[in-house]
Each structure stands twice: as structure tokens, then as C-alpha cells.
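One structure is given here, and the rest of the page talks about it.
When the chains are written out, they are named A, B, C and D in that same order, and each has its own residue count from 1.
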Amino acid sequence: MTTSRVTEEAFRQVLHEGMPSGAAMPFEVVTLERGHVVLRLPTGMDDLRPGGTVAGPVLFALADLAVYAAVMTSLGPMPLAVTTDATIHFLRRPRAGFLVARARLLKEGRRLVVGEVSIANEGEDDSPVAHAVMTYSVPPDRATASP
Amino acid sequence: MTTSRVTEEAFRQVLHEGMPSGAAMPFEVVTLERGHVVLRLPTGMDDLRPGGTVAGPVLFALADLAVYAAVMTSLGPMPLAVTTDATIHFLRRPRAGFLVARARLLKEGRRLVVGEVSIANEGEDDSPVAHAVMTYSVPPDRATASP
Amino acid sequence: MTTSRVTEEAFRQVLHEGMPSGAAMPFEVVTLERGHVVLRLPTGMDDLRPGGTVAGPVLFALADLAVYAAVMTSLGPMPLAVTTDATIHFLRRPRAGFLVARARLLKEGRRLVVGEVSIANEGEDDSPVAHAVMTYSVPPDRATASP
Amino acid sequence: MTTSRVTEEAFRQVLHEGMPSGAAMPFEVVTLERGHVVLRLPTGMDDLRPGGTVAGPVLFALADLAVYAAVMTSLGPMPLAVTTDATIHFLRRPRAGFLVARARLLKEGRRLVVGEVSIANEGEDDSPVAHAVMTYSVPPDRATASP
């Protein structure tokens, strides 16, 4: 079954509560299916390192946001889910312009959800600029957190 | 030998060129010795998640900054060094207030430098809020980058 | 272009020189294309933890072997390539029987090659038991190592 | 408090049940304190790669073993604890001879325990050959598993 358990509207609402730094990012939701999320982010001058490349913490924040969304497509709105571990590989220098993050879940456990995400400049999926694997811990009281 | 190959002034200058997002962080340099760096960062409202905890990307950016500094204590000013991989474990919910990041180098290779960093609320070193291991790649033309 | 730069025979020869522990594993090569490798491994009693599950170090060794092969499909025979970092997530308890490891390269750099690999019980690709991301460092004298 | 909640004898007993591959390794226990473990392992011909260096999976298995022991110094005997994620950096080529693994816990949570471990050739602690961070998941029924 591929129906997301969170709508874009509900996800954006959760972000304001659970990840304000994510809510502040000017992203678009391209895909929101169960276990599979695609986000699109314009990058601007503030995100750049010299040479027009995007700063690592911006890529980390985008990866984190995409996996957070993927977790909710599986579990429903869950503001209190927290990242427990994250590994990111920076593969190429990103250029300014749109970045596309494609996240999918590797495991949907009762306590831990693991996802991977690949980030590329738009139209260049075969040459990702970053790849991350992240684990989210599901709060014990998840039932009450999902209205 | 423990003499740093970069001064605080030179490090801050490199940040403006090589990591503007780091230059914008209001950190203090507590220790800057060869292979060993301690930074102190006040956190404010913008960095917080609900409950007064600090957002993951802020912790990632602080960890990255501390290891970047540690790399330069060993190699000298090197704006073009880039992170190739980073693994961060989020261990406890940080509270608002001062965070202290302690970085040390595990390997000072010709091509790769590996460091680890532990971040704790000030005065609580035994209960770190995050721990990261990061690899920096040294540009092939490092000689010319280190005046 | 998808032609592997290493044949199965040459890969097995390199293993004897460069990774004897891999050469000792009774694996089959299912796919050996440029940047894409599939290996199949029977597991036996020696590899098992209680409950019939496969030990973590065996999964690590299989992941390492598959990415090592993928590196060579891109760069040609290279016994001296070494793993610099590896992150593995153990996702489900594997069962005894055949394990299938699918590796693909994320980056083919001059100095660093990054690959990811997913391991599943045969026929259960959608429920991987482990996922790893690994970096291999290419020796500076790679040209002479590739006859 | 630094008293280990597991004795060496109890730890070796748990290994037979919970990690037979670890039980088969000819290690000595040097230190077994709460949250802090030191193991010593001779390496032999079977573990070597060409040039006399130790194979990556052997280092991974030793790191895993040391953190597993550290988990038990905190939680008591717990054969069913499982690794959920592991990141290892290979820093230098180990030489044959004794390897010393020093593990310490970064977090002792109710559900997740995180540890780090540094492995060096004996007498060369300042030049580690490998460094790993690992998370162990504590089974929900831990109380019953700890007599």
C-alpha cells in the first residue's frame, strides 16, 4: 500500500511544532507517498560557499527534512520523532539552483525507522551531491501523538 | 608538538572565505592547540525546537565547524578543505544555553584528516548531547593554500 | 557505458592478493556491471547467532566484498584499494539461507569511490536485512596497479 | 559508580549464547568497568591482508565485541542486545601483533546504548588504526534477560 499517512498540509503543520528550522526552509513537496518522499529546494546566496557551492549544513538540513517527512508518510503526524543517528557523504560540489532530495524508508520498525536520501541538482539524479542514511526514534507514546 | 598551525585570527579569516555559514555563528574559541579544539556557542531562540531543545542541523553545523578548526590546527589555513563524510549521533536533548564542542583529530593524513567531536551543555561533559566523526579531504594543491 | 572493467576471473584473482578473507567466502557473482554488482552468499551454521540469525561481522564482510567488487568494475583490478569509512545499519534479523547483496557506486572519484549496498534474504529485496555505505580510497599509484 | 554489572566469566558465558563469533575470538579482558572496557587481541596469519595488515572485518568484529561488552557493564548480561548501526573509520594500516580495543559508552538509554571504540596496535594508543561508533538496541524485555 502506497497511500501516505500524512498530507502535505498536515506535514507542514507538524513542522511548525516539531522542526521549526525545517518549516523555515522554502521547499516544495513533489512526492509524498508511503515510504517515499521527494522535496525540491531553491538555494540562494545565503546557502553558498565560495565557488557557488552549497554549504554542508544546508544539505544536512534538507536530508533530515526529507527523511522526517518519509517517517510521517508511514507513521502519521509525529512531531516528537527525533533523529538518533545520521551519516552523510558529500559526493560532489553542488551548484546553486534547485536541489532535489529523494528519500525512502529502509525499515519501518515500532521503535526505529531508518531511511536513506539522495540529493542532486535538479535533472542530475545520476550524479548525487550528497547521500545520507538516518534513523528516527519513535516516541513510546506515539499513539497519543498521532491524532 | 602541540602548537597550532593556525591562529584564531587566521581561522576566522579563513571562515569568511571557506565556510561563511560558520563565520556567521557567534562562537568563542576556548582552545586552539594542534589537533585539539574547543569552541563555545550560545544558543538562542532561533536554534530551538519545542521544549527548548536545539535543532539537529545547528548541532551538525557546530560539529563541522569544530573539526574544520581542528584540521587547520594541523595543516594550517586551508579554506578549500571539504567534508567528505560525517556521522553524528544525537544522544540527549540539549537545553538552551551554552554548548561546548570538543574536537580532536584521529588521523592527520596527506589526503584525509579524520576528527571526532563531542558536544555537551556547558559543565556537563560527561553527558554529551551529540557525538560526531568527520573526514575532511585535503585539496591536492594544499601546499599553495598554506602560505 | 555499463561494461565492467573487471571480469569475474580477474576479480577473484585480485581477492586472493588483496582481500583473502573475501576470497574465502563461498559467494557467487550474479551481476558484474560497471558500478553495479550483485553477489549471492549461502550462510551456514558457523555464521549464525542464536535463533538462526546471521552474525553482524558476516554481513559487514559481505557488504565490504560487494563494494570492493563494484569499485573494480569502475577502476579495473586494484588490490590495494582500502576502505576508509563504512556505516552499516542492521535492519532486520536475517535468516539462514541465501543472502543477496546489491551494490552500486554513488561516486567514482579520482581519490575516493563511494558505494552503497543493500543485503536481503533471497527473494525479499523489499525487506533488506542490512544497508551500508562505504568509501574506498584509491591508491595514488593506481595506474601501475591496473595492468 | 564504576562497578561493572557483568563479570568476565558472565560476559564469556553470554558470548556463547549471544555472539558465538565473538566467543571464538582469542581475546583477553584487560579492563571491565562500568561503561569502560579494554580488550586485547592477538592477530594471526588468518586475519592478515598482504603486507601484514589486519583485515577490515576482523577490526569490525573486535570493535563490535568491545562495545557489546561495554553495554553489559552497564546493563548486566544481555545476550539479545543487537547492533542497530555502526560506523567505522579505518585510519592506519594495522600491523600483526596485539591489538588493543578501548570502548566507552556515550549514552546509556533505556532503549538505545551508544558507545565508541578506538583500536590501536599495543603501545601505540595515540595512533589508532580504527575508530568506531556503534548503537545497541536493548530488547524490550531486558528486565527478564538480566537475572
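The rule is simple: a residue touches a chain if its C-beta (ideal position, glycine included) is under 8 Å from a C-beta of that chain, and two chains touch if they have at least 3 such contacts.
The structure displayed is predicted, hence computed values, not measured ones.
S.K.: Looking at CA centres, what chain is most distant from chain C?
M.R.: Ranked by distance of C-alpha centres from chain C, the top chain is B.
S.K.: Comparing B-C against A-C, which pair counts more contacting C-beta pairs?
M.R.: Looking at contacts between chains, A-C has the larger number.
S.K.: Determine the centre-to-centre distance between chain A and chain C, using the mean Cα coordinates as centres, and give it in whole Å.
M.R.: Chain centres of chain A and chain C, defined by C-alpha means, are spaced 28 Å apart.
S.K.: In whole angstrom, how far does the Cα centroid of chain C sit from the Cα centroid of chain D?
M.R.: 24
S.K.: Go ahead and note the Å separation of the Cα centroids belonging to chain B and chain C.
M.R.: Between these chains, centre-to-centre, one finds 33 Å.
S.K.: Where in chain A do residues touch two or more of the other chains?
M.R.: Only 84-85, 87, 89, 135 qualify.
S.K.: With touch defined as at the start, can you tell me which chain C residues reach chain A in the complex?
M.R.: The touching residues are 87, 89, 91-92, 106-107, 114, 116, 118, 128, 131, 133, 135.
S.K.: Under the definition above, what is the set of chain D residues touching chain A in their complex?
M.R.: 84-85, 87, 111-112, 135, 137
S.K.: Report the residues of chain C in contact with chain D in the complex, numbered from low to high.
M.R.: Touching chain D from chain C are residues 17-21, 47-50, 55-58, 60-61, 64, 79, 82-90, 93.
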